[in-house]
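All chains are identified by letter, namely A, B and C, in their written order; residue positions are counted from 1 within each chain.
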Amino acid sequence: MGEEITLNITRYNPDKDGKYTTQRYSIPYKNDWSILDALNYVKAELDGSLTYRWSCRMAVCGSCGMMVNGTPRLTCSTYLNEFYPKEITIEPLANFPVIRDLVVDINDFMAKLKSAKPWIIRKNKRDEDDTSKEYLQTTGQMDKYYQQTLCINCTLCYAACPVYGLHPDFLGPAVIALGHRYNKDSRDEGKADRREVLASEHGVWKCTVVGDCTEVCPKHVDPSAAIQRTKVDSAINWFFSFLTGRK
Amino acid sequence: MAHSMNSISGKTEATKTYRRDIPNTWWLKKGSYFLFILREISSVFVALYAIFLLIQLCALSGGQERYESTAAVFKSGWMIILHVVIWVFVMYNMVTWFRISGRIFGAKPLSPVLVTISNYIIWLIVSIGIIFLLLKG
Amino acid sequence: MDVINHDILIVGGGGAGLRAAIEISKSNPSLKTAVVSKVYPMRSHTVAAEGGSAAVLKEDDNHDLHAYDTVKGSDFLADQDAVEVFVRDATREVVQIERWGCPWNREEDGRIATRWFGGMSRKRTLHAADKTGFHLLHALFQTSLKYDTLMRYDEWFVAALLVDEGKLGGVLALDTRRGVFSILAAKAVILCTGGVGRMYAFTSNAGIKTGDGAALAYRAGAPIKDMEFIQFHPSGLLRTGILITEASRGEGGYLYNKDGKRFMENYAPSKMELAPRDIVSRSIIEEILAGRGFEGPYGSYVQLDLRHLGEAKIMEKLPMVRELCLDFAGMDPVYEPIPIRPTMHYTMGGVHTDKDGKTPIAGLYAAGEGGCVSIHGANRLGSNSLTELLVFGARAGRSAAEYVPISKPCSSERLQSLAKREMDIIQKRYMQPGNGKEKAGAILADLRKTMDEKVGIYRTDDGLKDAVQIIQRLKERFTRIRITQQSKVFNTELTGAMELDNMLEIAHVIAMNARIRKESRGGHARKDFPKRDDEQFLHHSLVFKTPEGPKRETFPVTITKWKPEERKY
């Protein structure tokens, strides 16, 4: 009999009894298994009803975010050997409504994503579809926004943000970081178009700089820095528009 | 018990999602959250110190007697203890503020460390300046 | 059953699907268009593509060269008229996606940079670090949000196409969140569902790559083409099969065997590590079979060495490769060589279409990896696929939009009766009341093992004969699977069963085709027929579903400029 490890996994089935509970599973311990491997084992061998999202298993699609011992993690790149021999608690991502077991509803995030206008905006609309030649952009210019392009939309930052948990109307770290990404892209001219949403009371100004979003981000996007920088931009813009009377 | 999928028309209500309540003690559950709340509370102590400073300034302008009675309160044991507590919180406020400034302004070509250290240097210069003025007087 | 009306549905929200959606929304915003995807679009497997997207951009390059490279790479099975259109559109498409925000790597002067890639005679592969697919997909997805008229059905699983006498009426789709089936009526449907990687055990592909589109089209009466041509990417990370991009060789990485030799010298002395993928993969297997591979707890492998590139270059050009090695192989390529082995990667075959994504069923289109035009023939050159998504996604979108005004919609009664027939099948096949004895997971495991062992890089008649028999047995076992979940909400056992059914359907065709094709060409290598046979087999394999089983026909290859020649690198 090989080594074993215990997983405490959240179960919730609105079709059955609608009870939000924890179920214990004992599985063989393999030194090179990720939490996702463990979940796949449970589903294949022990309990086919266990429900969770996953796809790429290489930390680039953003599907497999869950709470592992209370911290939002990507389960495909979190390994059992980090916790063994202790038990591991796996819960759905915090701050989102739970659809079933470990699957949460991220439609709020999807709607907010659109509201930040995350696309290249040009004053001359014809620029956007002109394929005769590329916009010129140096590596130096790209450095200014590249870090925030790395977001895989895994929403771990939303699960880590207590503000989002307490005030679900908060735009949230990933969305603001994405708005910032476009604001800082030298090819974009849409800063003013995004201002209303980003600088609203549900936008950057709801952030109280807890900083956990940056801590949990698996792609080092540093959304907290993006938010604070957007605050600075927004404040400077307000100050000047106040002085000059222009928007 | 099997049930027929197509007997349910598309008009059903959305499924019941489960909403987890956030307890009032949420900030006790995680180290980073606790430190965050401490940092926020530290601003209260900064404000308190500012008020104390104003009280002493007012007392100064109120004449010798007024000043001495105020000073006596401030020299008492519990006031000193309170001021130590205030000093700890102000230091924490400063350290976290300098660190965050580094994170915000430390984009290329600057670096977070550079910005934070610059803040400390400025603080040091201003502090030495003030101490010098106080000692000179 | 509920019916929701649309003009155009796009099944699959990856690179091809989103590009088609944007094209339609841009030029015909009045059309009611929707993307139906079983996952949120940002999760589509396009996101995992790494190396780059090829196009003629630089002055030292021209379209004929790109076309020739592609045709030669395809082992002369590609349709040359389609390839010529592809390379011409490619130039425009890669600039378009740049205009939509894709952060292509740049030269000093701010123009888009290119890198070397396997089988390409010029440096023409555009790239965004080594996360090109990720950046492309997110640029497309974020741009698609611009169009208010574009709808999406996120996490809806298309269970069947509803076809009325050779004409498409819509799809039957499951809203996985509520567990409710609905009819999504449409005048045109574009299948952009990707390839079949998950039927192999060792694959770079995500869990969602289950050949859904090919199975949907096949069951609806559309033929699928060239399914036997499966691409094995040379550098799959040991243990997981996770992709280590060809760009690692494009930037100068070397392949070593146990004796410390750059063995590609013996197989492709001119191109070395940058020979086309099928050649490199076979070379690695030959080395391993000859006993010159490394052995370890996870099997045999060779080494991909990047150490001589230096940390700075790796961090600039191959940062994701380093991340992947650290996170999934516990090693740092800056200091150690990467253990790799060929991994199933891409499906050259797919739903048979013309240059505009049209299938023989009126109103049905396909694009991307899930379609087969064919521009890749028997083997795809690296970095042609991301370009393919953009080119044929756009073409299929335009083509479907042009068809809509002249199409005749299917009557509501007809749709309901077609849907009911499909629901009865689904009911019987997947929703049995827990009486079956078979576990879907066990059938899937057996399928994956069989494909890896018998329909892999090297194939033999005996092996393929066995494979066909085993798959038929698996299909029979599938009729007795046990679905334990009776709940509606997010029933992954149900969608898993449908995906497995799709894979079994297509695997049968792959194995059958591979057995019939008694030659070696591109990604299809027969140990018993090691030579290419243009006389007997210079044709596409077209397979139709019939009540008697899969029926294979041949389909001619269109040759315009380049006569088939010996393929040497």
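In this text, contacts are C-beta pairs under 8 Å (C-beta built on N, C-alpha and C of every residue); 3 or more make two chains touch, one makes a residue touch a chain.
From a predicted model like this one, the values you see are computed outputs, not experimental measurements.
K.L.:
Name the chain whose C-alpha centroid is most distant from the C-alpha centroid of chain C.
P.N.:
B
K.L.:
For the pairs B-C and A-B, output the one whose chains share more C-beta pairs in contact.
P.N.:
More C-beta contacts join the chains of A-B.
K.L.:
For chain A and chain B, what's the span in angstrom between their mean Cα positions?
P.N.:
27
K.L.:
Would you kindly tell me how far, in whole Å, the mean C-alpha position of chain C lies from that of chain B?
P.N.:
Whole-Å distance between the two chain centres: 54.
K.L.:
What residues in chain A touch two or more of the other chains?
P.N.:
Residue numbers touching two or more other chains: 14-15, 99.
K.L.:
In chain C, what residues contact two or more other chains?
P.N.:
Those would be 177, 179, 486, 488-489.
K.L.:
For chain B, jot down the residues that touch at least 2 other chains.
P.N.:
15
K.L.:
Note which residues of chain A are touching chain B in the complex, please.
P.N.:
12, 14-15, 18, 20, 70, 94-95, 97-99, 105, 143-144, 162, 165-166, 208-212, 214-215, 222, 224-225, 228-229, 232
K.L.:
Note which residues of chain B are touching chain A in the complex, please.
P.N.:
15-20, 22, 26-27, 29-30, 32-33, 36, 40, 100, 103-104, 107-108
K.L.:
If we count contacts the way the header does, which residues on chain C are in touch with chain A in the complex?
P.N.:
26, 39-40, 42-45, 47-48, 92-93, 95-96, 98-101, 103-106, 108-112, 131, 134-135, 138, 142-143, 145-146, 154, 177, 179, 206-208, 239-240, 242-243, 320, 323-324, 327-328, 439-441, 483-493
K.L.:
For the complex, give me every residue of chain B touching chain C.
P.N.:
1-6, 8-12, 14-15
K.L.:
Considering only the defined contacts, which chain C positions touch chain B in the complex?
P.N.:
Interface residues on chain C, with respect to chain B: 1-2, 4, 174-175, 177-182, 419-420, 423, 426-427, 431-434, 486, 488-489.
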